[in-house]
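Here come two complexes built around chain A, the first alongside chain B, the second alongside chain C.
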Partner chain A sequence: MKSFLKGLAGAASIAAIGISGAAKADEPIRFALLQDFTAVYTFVTDEYNQGQRDYIELVNREGGLNGHEIEAIIRDTGNEPQRGIEAYNRARREGAILVDFLSTPVSRAAVNRVLDDEVVMITVLHGRGDASDGTTFPYIFPMMATYWSQATLLLDYIDREQGGLEGKRIAHVYIDSPFGREPVPVMEELAQRKDFELRTYAYPSPGNEQSATWSDVRRFRPDHVILWGAGGGQAVSVREAIRNGIPQENILSVVWMAETDARTIGEERATGIKRFEAVATGTDLPIMQRILEEVIEPGHGAGPSENVGTTYYNIGVASMAVATEAARLALEEHGAPLTGTSLRDGFRMIRDFDAEGMMPPVSFAEDDHQGGGYGRVSRWNGEAWEAVTDWFTAHQDIVWEEIEKDAAGFREGR
Partner chain B sequence: MDIGYFLELLINGALTGLMYSLVALGIVLIYKSSGVPNLAQGAMVMISAYLIWVGVSLAGLPMIVALALAVVGMFLFGLLAERLLLRKMVGQPIIMIVMLTLGLEIFLRGLGPGLLGAAPKSLDLGIDLMPIIIGEVFINRAYLVGAVVAVVMIVLSLLFFRTRLGTKLRAVSDDHVSSWSVGISVERAIGISWGLAGASAVAAGALWGSVQGVDWTLSMLLFPAVAVVILGGLDSIYGVLVAGLIVGILGSVIPGYVDPIVGGGTRDVVTSLIILLTIIFRPHGMFGREDIERV
Partner chain C sequence: MFYRLSGVHHTRYETARRIWPVPADRRMVYLVLALAVAAPLYMSDLYLTSYMLPWLIWSAAALSLTLLMGIAGQLHFGFAAVMAIGAYTSIHLTRAGVPLELALIGAGLVAAGIGCIFGAAALRVKGLYLVMATLAMQYLVDWTIINVPAISGGAQATLSTPSVTFLFVPLRGDTALYYGALLWAVIVTMLVLNIKRTSFGRALVAIRDKDFAAAVIGVNPFKYKLLAFFTSSFLGGVSGAVLAFCYYQAVTPEQFGFNVSIQLVAMVLVGGLGSVIGAYLGAGFVLLMPIVLTNVVAYMAIAGWLSVSSNLLAHIPLMVYGGLIVGFILFEPLGLAKIYDNVRKYFLVWPFRHTQS
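Moving on, here comes the complex of A and B:
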């Protein structure tokens, strides 16, 4: 709360400047972090946003980008598209050239606006997967693996590391929402290719009671279950899976499974469960060490120090590391002032950027805004998440079929 | 037909329903004592769970001490809610009082995560995760404990309303003016009823919080709890017990068979239908008192 208020105070000071259009040569580069601090995405926003702000603080303390500081405009959208658009309009008037809503409903509502306004929108681990098609969505950058890429990667891991997929029974247990259903088409396609049996099981949102769903799952006798939820429902899913006799080693999850979920399940009980990992966790990373030394220890952190190094904090750091790299390349290529278009070009110039080992190497191009769809699998060891694979990507041909199909639908107004 | 599957849905549904009853009990306690339908009960459950978490995780207290302090804290919260909010609404239309409780719900839902952080917190009551297995039926141990607690709380509530104080509370619910005229402190009675609802919220918060973690979604338990009180009758504690079982069983058995066919999502439909059909065909619920007013 304190950190959020601090952010709001910062935002208010930015609003007072009252600049419109692109940032001038001697002025800061403004990123608008207009996120859901109070409604549905609360399980992730605090830590994610804290990581973003701490990274921006680090960049500024190290001299900024060619002398330009980065300023964060922070506002709460409450996951409401209308509030999000209002916040976006204000941020646009204040000179923001990048926006991050961290909310699928809000970012979907803003798609046409950012395309018309030529403002970069990053949709890290949320939003439209088909926005990976940079020719259709030139100003939108999913930046990390889409849910389709996460599903194919998890299934590929089972195929390569857990005894193969052929003849296996895979249960996809998901929160009953478009997010939960999103990976089903690629899973079905892989089920045909790899000859395994896939069954899907929905539980009602928010997932605080799932016993009937799991009674049904148990009767299927799955070899593996893939969980597709977020927030409190994830811990309930794992507890129900264990209660229904599914070994922890055979439980895999979408990216939204963090330290706090493992603690809710019980640190010992959760040992063995696996998840898709987009960004390394912990503080034993060069960027995180610099954040600790230059931001946290001198007391300039944006929130509780115990959050530093957690899953969602580090994803926030990585998101700003990529955005900052794009701004750096854009300044080199186009000079100041930066605009949405020059920042977009900066993103598209990024090649094999891994934030000093914090994330898989990402490269963007005019037609690929996903960055390759890389990730890895990590396992809860009783105390922390530890990587059990290197960064890899899988079945991107299937993923891109979905991306192109949905992008075509967008172009045709469907 | 797989009888084991049916029995598992039935039993776990009944236990879950009794857990919903625990949330619903607070709503009935207040309505039965003061005639106010309290839509803030879901958020009171959430705040209770946060209080227990603060006691255990931040203050390092033993769970039993944290629970006891949470009961005291929520009882005081109930008294304060009556003193600062409800008392000012005397003589106002009932719809405004309902709106007040809705406002309180929204306020509390923002307050807890705002002060303590929005990430889910863990609450371990030490209940074994492994199920009780009878034949092919897996019974959820956490829900079994919750159901037992719910039944105990409901029985205690039934007994309470037979005491002298409970009788006064019933009188207040019947008619404020008459109660005043015979010397009953209406304000004190309403305050006590809110305090009791706060205390029952602690039991619900502890049990549901241990199952799913502590975060704002605990306040969403209001929805099934409202179905329970509407079906059972807003002023019937016995109704909470029976309706909880019905809501839980229907919300488990029907989705258990229909979800695989339609692709999920039927539990909320079942709960909604219970609310709609009850209001249409039996507005006072199964065991609620039917008031006839001359106009």
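Moving on, here comes the complex of A and C:
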């Protein structure tokens, strides 16, 4: 009984910790990185989160933002909405003004809450695409190209660089989930405009077994296939595509295709496959050099150093680079302490920010939280992903039609 | 001593057949109920919305499942699908303008109807084979929701709950949502407690123990198996709707996936099959223990007591959690409810110690 009472007292004292509102003048700026380290998103979270923390470490070692350190609150949510909501509520009480779940189910469950609480939520390459409509979702920033933009960009690449779209047969092979079918409307719209034949093929989640789907794809004899999956299923998709006679050059993938996947397929065998790229890969970039110099080499890195420079690591770095830039602008404009609202204004003040060449130049505005929908196509050359195009954007009119439609649905409570 | 029996004389059948014949039990229930009702006064919004609220709703769901699995003995590994049907039905009904009170009943009825169709498999198969049939339900319902945009809500596959009133009270704000969940938990609790002492409940127990023996003594297995599925699915459907309206405020297919079904089964098993208090303890354990462990480990790391890689740090709570489940099952195979029961029996005769059970 005694120990039970002690436990109660302990719980109560934990409850008493940190009932504070916004960050005070001398207080650190708190970013909550409440991600899925143990369940579904494990293929990306470790590297992504490591990149985020290493970048925050770099900013702090370089003196912080006008003397304010950035503090990361990191918790595992296991991809479960109820755990994410708990972690979010706790982080908010600890003063977090930005939250990043890197999990579509969790961030969807948090949408109404962050809008009510006026906390910035970044949904880098996940979450609701229609949150690009900043007037409807003032506190949510998709920040990089939405899945719709990725789809139009990949198709535009085929149109311009791979012999045009007209009369082609394109197969969209996707994991059977809302994520997989998300780009279908914009692809269908583009199929009408550009006059190509589009067929969609779903494979069951989690995608370890796709042979039945691919024999269907084979019958269609597509000129190009677009892969829409994530994690372990991606390598299976590529293997099946090659087995069914589709040349590597004509396999294009959504952003979730990394070094690990290429190695799983076989470095030689994967040569030629292409993917959408949101952030430059590798360490040959000014920010990455500084991270190596000031964080990794002195031994302050947040994880294994071989992850530094991988696709997902760099996406993590870029996400924090944009967020930090927003915080810097917000501090200049509004001064300390930062709140969710001033941080949001900071995001909206960002113009042509490219993280020293690491990512396409993004600009946000009150009505555009996507930042332009830029990206590029990169190709596995047997050792690494190398860019084959410059940063570009395509058919944003179709993308925005879709954004407007879904955002209107959200406003009307649909 | 604590559960004093001396001096408690039942002179009428009504008092002897009360739900809690021992005064101490009754007082404890009143105390817990009073604490629960007063929770918004002394609990911070963090604990109210992130712990109490989901705990109550998941307890109601676990109670619905324990009625089927524990009392009627029919295994169900697709209960999240039942809740999904309830959640989606209630949202679509309220959007169509139906008041929430009726939408909840509609959610229950649709879930019960579909639940019965799959439950009909129980008329032919038992045990692991029934597990397969109910698993099929989970996957079919998942597939249907994802592949029919009219149900899931289009490209984003997210449906927000419209703002509604329940019994003239707008369901908005932490307190209103909490009381909505509390009300439903109390209703389900009383219902299951009462079902256990009716002829219906005894018929279910007879079916659980041996269905052909039950048939011999005049209990119609066809009727009672279907009734068990109907009742449990009805309660599960409404629990799903309450979960959507009082907690998530938006439904997506992932919220009712296969892993949720397994969690529900775990709640029922860890808590103790067929036990009402077990449903509460099991739901608390399965739902809240990972959260508590994550926070404890995180604070230990911040305090510098644990210096390991962040990857390992994220997995320590999982290991401890797994260890705890194995530990509890080894220590008391009948679940957390049995542990409570042992404690209660000990205090029933304390300071003497001649009870064995």
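Simple rule for what comes next: the second predicted complex is superposed on the first by the 396 of 414 C-alpha atoms of A that agree within 3 Å, B and C clash if a C-alpha of one lies under 4 Å from a C-alpha of the other, contacts with A are read in each partner's own complex, and residues count from 1 in each chain.
The rule is simple: contacts are C-beta pairs under 8 Å (C-beta built on N, C-alpha and C of every residue); 3 or more make two chains touch, one makes a residue touch a chain.
Bear in mind that the values here come from a model prediction, so they are computed numbers and not experimental data.
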Check whether A:270 is in contact with chain B, with chain C, with both or with neither, and answer first, second, both or neither.
neither
Touching A:176 in the superposition: chain B (first), chain C (second), both, neither?
both
Name the contact category of A:402: first (chain B only), second (chain C only), both, or neither.
second
Using the touch definition from the top, say if A:29 reaches chain B (first), chain C (second), both or neither.
neither
For A:46, using the defined touch cut-off, is the partner it touches chain B, chain C, both, or neither? Pick first, second, both or neither.
both
On the A-aligned overlay, A:260 touches which partner chain: chain B = first, chain C = second, or both, or neither?
first
Using the superposition on chain A described above, determine whether A:349 touches chain B (first), chain C (second), both, or neither.
neither
Regarding the shared-chain residue A:37, is it in contact with chain B (first), chain C (second), both, or neither?
both
Kindly classify A:105 by the partners it touches after superposition: chain B alone (first), chain C alone (second), both, or neither?
second
Chain B and chain C contact sites that coincide on chain A, given as residue numbers
37-38, 46, 176
Chain A contact footprint on chain C (complex, rising order)
44-47, 49-51, 54, 95, 143, 146-147, 152-160, 162-163, 247-250, 252-255, 287, 290-291, 294-295, 298-299, 309-311, 314-315, 317-318
Given the complex, residues on chain A that touch chain C span 14-15, 19, 37-38, 46, 49-50, 53, 74-76, 78-83, 85-87, 89-90, 93, 104-105, 108-109, 111-112, 128-130, 176-178, 181-182, 185, 302-303, 402, 406, 409-410, 413-414
In their shared complex, chain A is touched by residues of chain B numbered 2, 5, 8-9, 12-13, 16, 110, 113-115, 117-124, 129-131, 138, 140, 143, 208, 211-213, 215-218, 220-221, 251-253, 255-256, 259-260, 263-265, 267-268
Provide the residue numbers of chain A that touch chain B in the complex, in ascending order.
1, 4, 37-38, 42-47, 176, 200-204, 206-209, 211-213, 215-216, 218-219, 231-233, 235-236, 239, 242-245, 258, 260-261, 263-266, 269, 304
